[in-house]
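Here's the structure, in structure tokens; my notes come after.
Every chain is named by a letter (A, B, C, D, E and F) in the order it is written, and numbering of its residues begins at 1.
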Amino acid sequence: MRIDGRTYDQIRPVTMTTDYIKHAEGSVLIEVGDTKVICTATVEERVPPFMRNQGRGWVTAEYSMLPRATESRNVRESSRGKVNGRTQEIQRLIGRALRSVVNLEALGERTIWLDCDVIQADGGTRTASITGAYVAMVLAMGGLIEKQQLTKLPVTDYLAATSVGILEEKAHLDLCYAEDSKAKVDMNIVMTGAGKFVEVQGTGEEAPFSMEELQQLLAFGKKGVEELIEAQKEAIGKWSTQIGTQTEGAARHA
Amino acid sequence: MRIDGRTYDQIRPVTMTTDYIKHAEGSVLIEVGDTKVICTATVEERVPPFMRNQGRGWVTAEYSMLPRATESRNVRESSRGKVNGRTQEIQRLIGRALRSVVNLEALGERTIWLDCDVIQADGGTRTASITGAYVAMVLAMGGLIEKQQLTKLPVTDYLAATSVGILEEKAHLDLCYAEDSKAKVDMNIVMTGAGKFVEVQGTGEEAPFSMEELQQLLAFGKKGVEELIEAQKEAIGKWSTQIGTQTEGAARHA
Amino acid sequence: MRIDGRTYDQIRPVTMTTDYIKHAEGSVLIEVGDTKVICTATVEERVPPFMRNQGRGWVTAEYSMLPRATESRNVRESSRGKVNGRTQEIQRLIGRALRSVVNLEALGERTIWLDCDVIQADGGTRTASITGAYVAMVLAMGGLIEKQQLTKLPVTDYLAATSVGILEEKAHLDLCYAEDSKAKVDMNIVMTGAGKFVEVQGTGEEAPFSMEELQQLLAFGKKGVEELIEAQKEAIGKWSTQIGTQTEGAARHA
Amino acid sequence: MRIDGRTYDQIRPVTMTTDYIKHAEGSVLIEVGDTKVICTATVEERVPPFMRNQGRGWVTAEYSMLPRATESRNVRESSRGKVNGRTQEIQRLIGRALRSVVNLEALGERTIWLDCDVIQADGGTRTASITGAYVAMVLAMGGLIEKQQLTKLPVTDYLAATSVGILEEKAHLDLCYAEDSKAKVDMNIVMTGAGKFVEVQGTGEEAPFSMEELQQLLAFGKKGVEELIEAQKEAIGKWSTQIGTQTEGAARHA
Amino acid sequence: MRIDGRTYDQIRPVTMTTDYIKHAEGSVLIEVGDTKVICTATVEERVPPFMRNQGRGWVTAEYSMLPRATESRNVRESSRGKVNGRTQEIQRLIGRALRSVVNLEALGERTIWLDCDVIQADGGTRTASITGAYVAMVLAMGGLIEKQQLTKLPVTDYLAATSVGILEEKAHLDLCYAEDSKAKVDMNIVMTGAGKFVEVQGTGEEAPFSMEELQQLLAFGKKGVEELIEAQKEAIGKWSTQIGTQTEGAARHA
Amino acid sequence: MRIDGRTYDQIRPVTMTTDYIKHAEGSVLIEVGDTKVICTATVEERVPPFMRNQGRGWVTAEYSMLPRATESRNVRESSRGKVNGRTQEIQRLIGRALRSVVNLEALGERTIWLDCDVIQADGGTRTASITGAYVAMVLAMGGLIEKQQLTKLPVTDYLAATSVGILEEKAHLDLCYAEDSKAKVDMNIVMTGAGKFVEVQGTGEEAPFSMEELQQLLAFGKKGVEELIEAQKEAIGKWSTQIGTQTEGAARHA
């Protein structure tokens, strides 16, 4: 039994409150246990300079934590005058993950900015950010359809993420902070609705892991992602009918 | 009648959800109309270098907006690599205002950090931040009493803030964004429970204002602050009995 | 009697040495007591990007102190790598104040940069900067008239600023540093030749102030500004005939 | 057959020139095909502030490229004034990877700085950096033994890294730049001499990958790392006798 | 005949107004033609960390220009967020030059900060800064003697600087801006009262120069420095008796 | 006899390995004793904004050291977030020196970037950088001729640099670090093939120097540069026939 009474392969309760911020084109407050992230999607009718005039859109993400999202207060990155390495790594991960299920040609020459702001942290903030950002992005794209700026969702599949780890020799799904801080192996898994991997990032700084351990972590991750995708379907409501889980050949790069 | 049906001297609905963030020593989600600010108070058991060994505490504030708190997305200050002038001005104002009602000697050599993060903006974010930060601060100080690190609240009076302005030749109390963006005169007023001014900041960049106009703005501000202080009393609950509205002579500097 | 023998409502001696810097389009060395500020006005034949093609001009200000303008040496902001909050606040104040008396449409698509560099500080540097920058600005605009780039001064009124404060329970006009450092209430007042307020910034961090105190500070401020405007009239010489003190209806926004 | 005539599971020629920089405590020029990295190890007799007085050492890494290591010139990070996200991500990866095989307690309160400077890039610079930094680190630790500051190598196992990827539907080992730029799936694998994973970082931004593909990539990676470790053994010479490939239980955290 | 009527080996009129800034321990407004620099000397009773506990003092300099010291306005370095290369080069030069005539052991563990702020520029600002900073430094040291913190001036010789250049095939002494901007060879010479060189910095980016040209430039520089030193003697008044022009053997390093 | 057995007017062994970096248009590894610098030349088909549409090219340089090029590790400038004064001074020197022998009009509207990265430092890194950058530049220009983008080398003369100094009362040519750190006078000399000076930078912070000493240093410098130019001739091979040592009148500015 785990700290909070879950079984090893059980994710924490998930809620997604859509349209949480009135100004954003798409927004959601995602709660995974006590981890709470406000995800907003902003549509900008242009792309970064390096992508201009190619007929393709862009999806990019920013991630931050409020200073007191964590047990002890963090100095703001704006006060430090720079974005630290961990934040940049997470931002790059979120953007890359979401782009993997977006048909950038179909999106057209516009940028979707995904802002993931952690207001309370209890482990798994980067994976909750990916899962929530997906919902905010789809809602913003839905808005473009309603304004007749798009004819259909330029999204090839669902996408969600969770963390897995090894703690006291056992694999655990969806680690809360108390577990995460004691885990010897830590892995983030981003998968599509079709069950394919978009990102696998496992690190065993505290203790290298064997092939068998890796396989169990991957299996746990798959289970968690499938459950998160069910929650996403409800959150995006009517837009879910436009997201066919893609077979490999149907993806944008095929 | 105003845009949202209020009378000229009426403030917007106010709600304060206390203990909003589990990790912070004090926290509140303050909503003033559609303006929403998460205020957290962090207790740090030391003071900045320039204040060490003087037997006095310190109260300081930081303010920020989520990128999509506003109608169009703002670039993060962490991405820009610096805190802009407006933010610094607001941070200095919040800190100065709160210190005016704290007995720093009684607080002891510790710092209260007040983080005001605007998650949705609709005018009056700096005044809502002051009003909310006061509540978060009192709750954090209450926690110190419960942990027997303080014997009583080192707070000499209530403190709240509101904005007033002149728009279409008429004074208005508590401007929402639609009003604020059209106002020719804009004033922020910070007052104590005893009805004294802590800050009066009026600017008529668009049109200088007369002595008579100034007087009416001050009267509206006083009314607004009184109503906000009633909401604060409820939010801080039992701790309100320890805050005697001070006569001038009883203030910390007397 | 005050430290330097003045009465409570008396300003310090003021001198304005115009054309102090040969390269600038307008310049003045303003001395208010021992406070000395070099104010230069630079005309740039374009406006910032956000204002282009609107047919309006812009007025903006920068403020700085030489490291040894003060009793102890200040680290240069260029060495620190950033402009601090106080400086930004002052720069924003100076720019805002001067724009309140400039008809930006009549100025045309050009920018007036006002640089206020304090070479010796003895209290009231920001108000002396405003008072001096006004003179430098008018001289630079006069130069545009002489070069036939403008037909008349795009200035709707005089503008000057002074500080007032409460010290040992008494209101004081135009505080020198020794007074300022002991004042419990500190207020800066920017007014026009017509006697209207452009900025009122009062702060009682050390001790909140009552409505009566506020009224007396406003009256002292008005007296000080009137005397400074007399000095400005002399400094700008022939251009003074083009500045009609405006009734409210005649201001640029009327 | 691949661009450069290799088979799909073949790594590029590897050479390691040790003691390449005379001032460093340990150094190597590692060449993997046309990728060339100078790795130096510096011993500093103290640890970062957050680790003081814990009786443990620290290993950290920095990574950079000369501006013309790549086909087109990169702007120096020192000129930009900040270290970009990709660089920070790589630096964190290198440090984390090396710490996984170091017994920090046995190292004592000192820091090993590993500087990896890419002088010519042709794909796989981060994995070559890890493989080379390991050698530089062992040589520097060997120097501590020779100076009798350590009695034995505080290293629990070998450690090397390589890249694998999917390109034209086929798995490839050790991608050169021409391959890397066309790969749809890209994975970096860091493994120990005992065949355990320290880092697995796979990304399919261009095309998500299946479980079967993942398995093949892992197998290729294992083969590549084993061959690199053989080259490391030669490079470190006599010190290789002190590095017993560890069974899991013998690692530092056991 | 030159632009301003001088002969080729004639310096511009020089004036030095001492005690120009009341707060500084030493100060001078130096005017060399239309070049005007405020030089202040600040005494700090400690040395930088790298020099502590060695029983020696330190002399360091900072240099800046007001934005409108020049014909077109320069962006402030504080706004840019960094000190540019030219400024740093000049600061290093000024500090190095002054240290060459200071007996740092005799100064004791204190730092003299020399701030050179150009308020009006017309060529030769760096050499005027050196010449003026020397005066400010001696006055500040004189103050230490008067306060009995030093018994005699820790200065081994006079020190002044001037510029020389080649323009239209002819050597010129003390170039004004109009000359400097057309010179093909530009050289700054810093010399002592004993006629020795402290710095010789000649650059012929526009046209390399021959040995004969170099000799003539050196001779002109020597003449200019001798005249500047006469002006320094007057400026420092009574302290001049304590500065014996040193023979080489008597310098601090002898 | 010197530390390393050389006579006072003898330079260290010099080797230049051309085409050292495969991606660069021109490159050389220059070794002067134990000082090793990788110099690359990059051709960019545009000029900086301030030079556009003038029909002239530009030559600019950047200089850096690997952290462990020196005996103790230097913090990277990218980590510090700024380029320090010494580096900027050297960069400016290298660029200025090379431009003195380039006919910028003949180069056409393109920029040659010279990157000088010191991988091992043992004194004289800036002069070795100039000497090596010249070779890399000529090779890159040669490449433009081979691609028929230029018809002949836009180079008016050879250019090399060396250091000289006074140590234990004696002039020394080409100081190694052990000598440099004890020298009282330090001078860098940049000369052309025609024996003209491009830069003369001598500093006697530790001890001012006499006219006689200056003359001997200049003579030693001339000898060293002549020998370095011989090595350059071999390194650039066939291109040497296009570099006529120019008489003064033939230089580009004639």
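Details
The definition used in the following text is that a residue touches a chain if its C-beta (ideal position, glycine included) is under 8 Å from a C-beta of that chain, and two chains touch if they have at least 3 such contacts.
Note that the structure is predicted; figures quoted are calculated from it, not measured.
Both chain C and chain D are touched by no common chain. Within the contact network of the assembly, the step distance from chain D to chain E comes to 2.
Among the other chains, C has the CA centre that is most remote from the centre of chain D.
Between the Cα centres of chain B and chain C there is a gap of 29 Å. Centroids of chain D and chain F (each the mean of its C-alpha atoms) stand 35 Å apart.
In whole angstrom, the spacing between the mean C-alpha positions of chain A and chain F is 52. Among all residues of chain C, those that touch two or more other chains are 81-83. One ring covers every chain here, and the order obtained by setting off from chain D toward chain F is D, F, E, C, B, A.
Those residues of chain F lying in contact with chain E across their complex are 82-86, 88-89, 91-92, 96-97, 99-100, 157, 184, 187, 191-192, 194-211, 214, 218, 248, 251, 253.
Interface of chain E with chain C (complex): residues 21-24, 27, 34, 38, 40, 42, 44, 62, 64, 66-71, 73, 76-83, 87, 113, 115, 117, 119-121.
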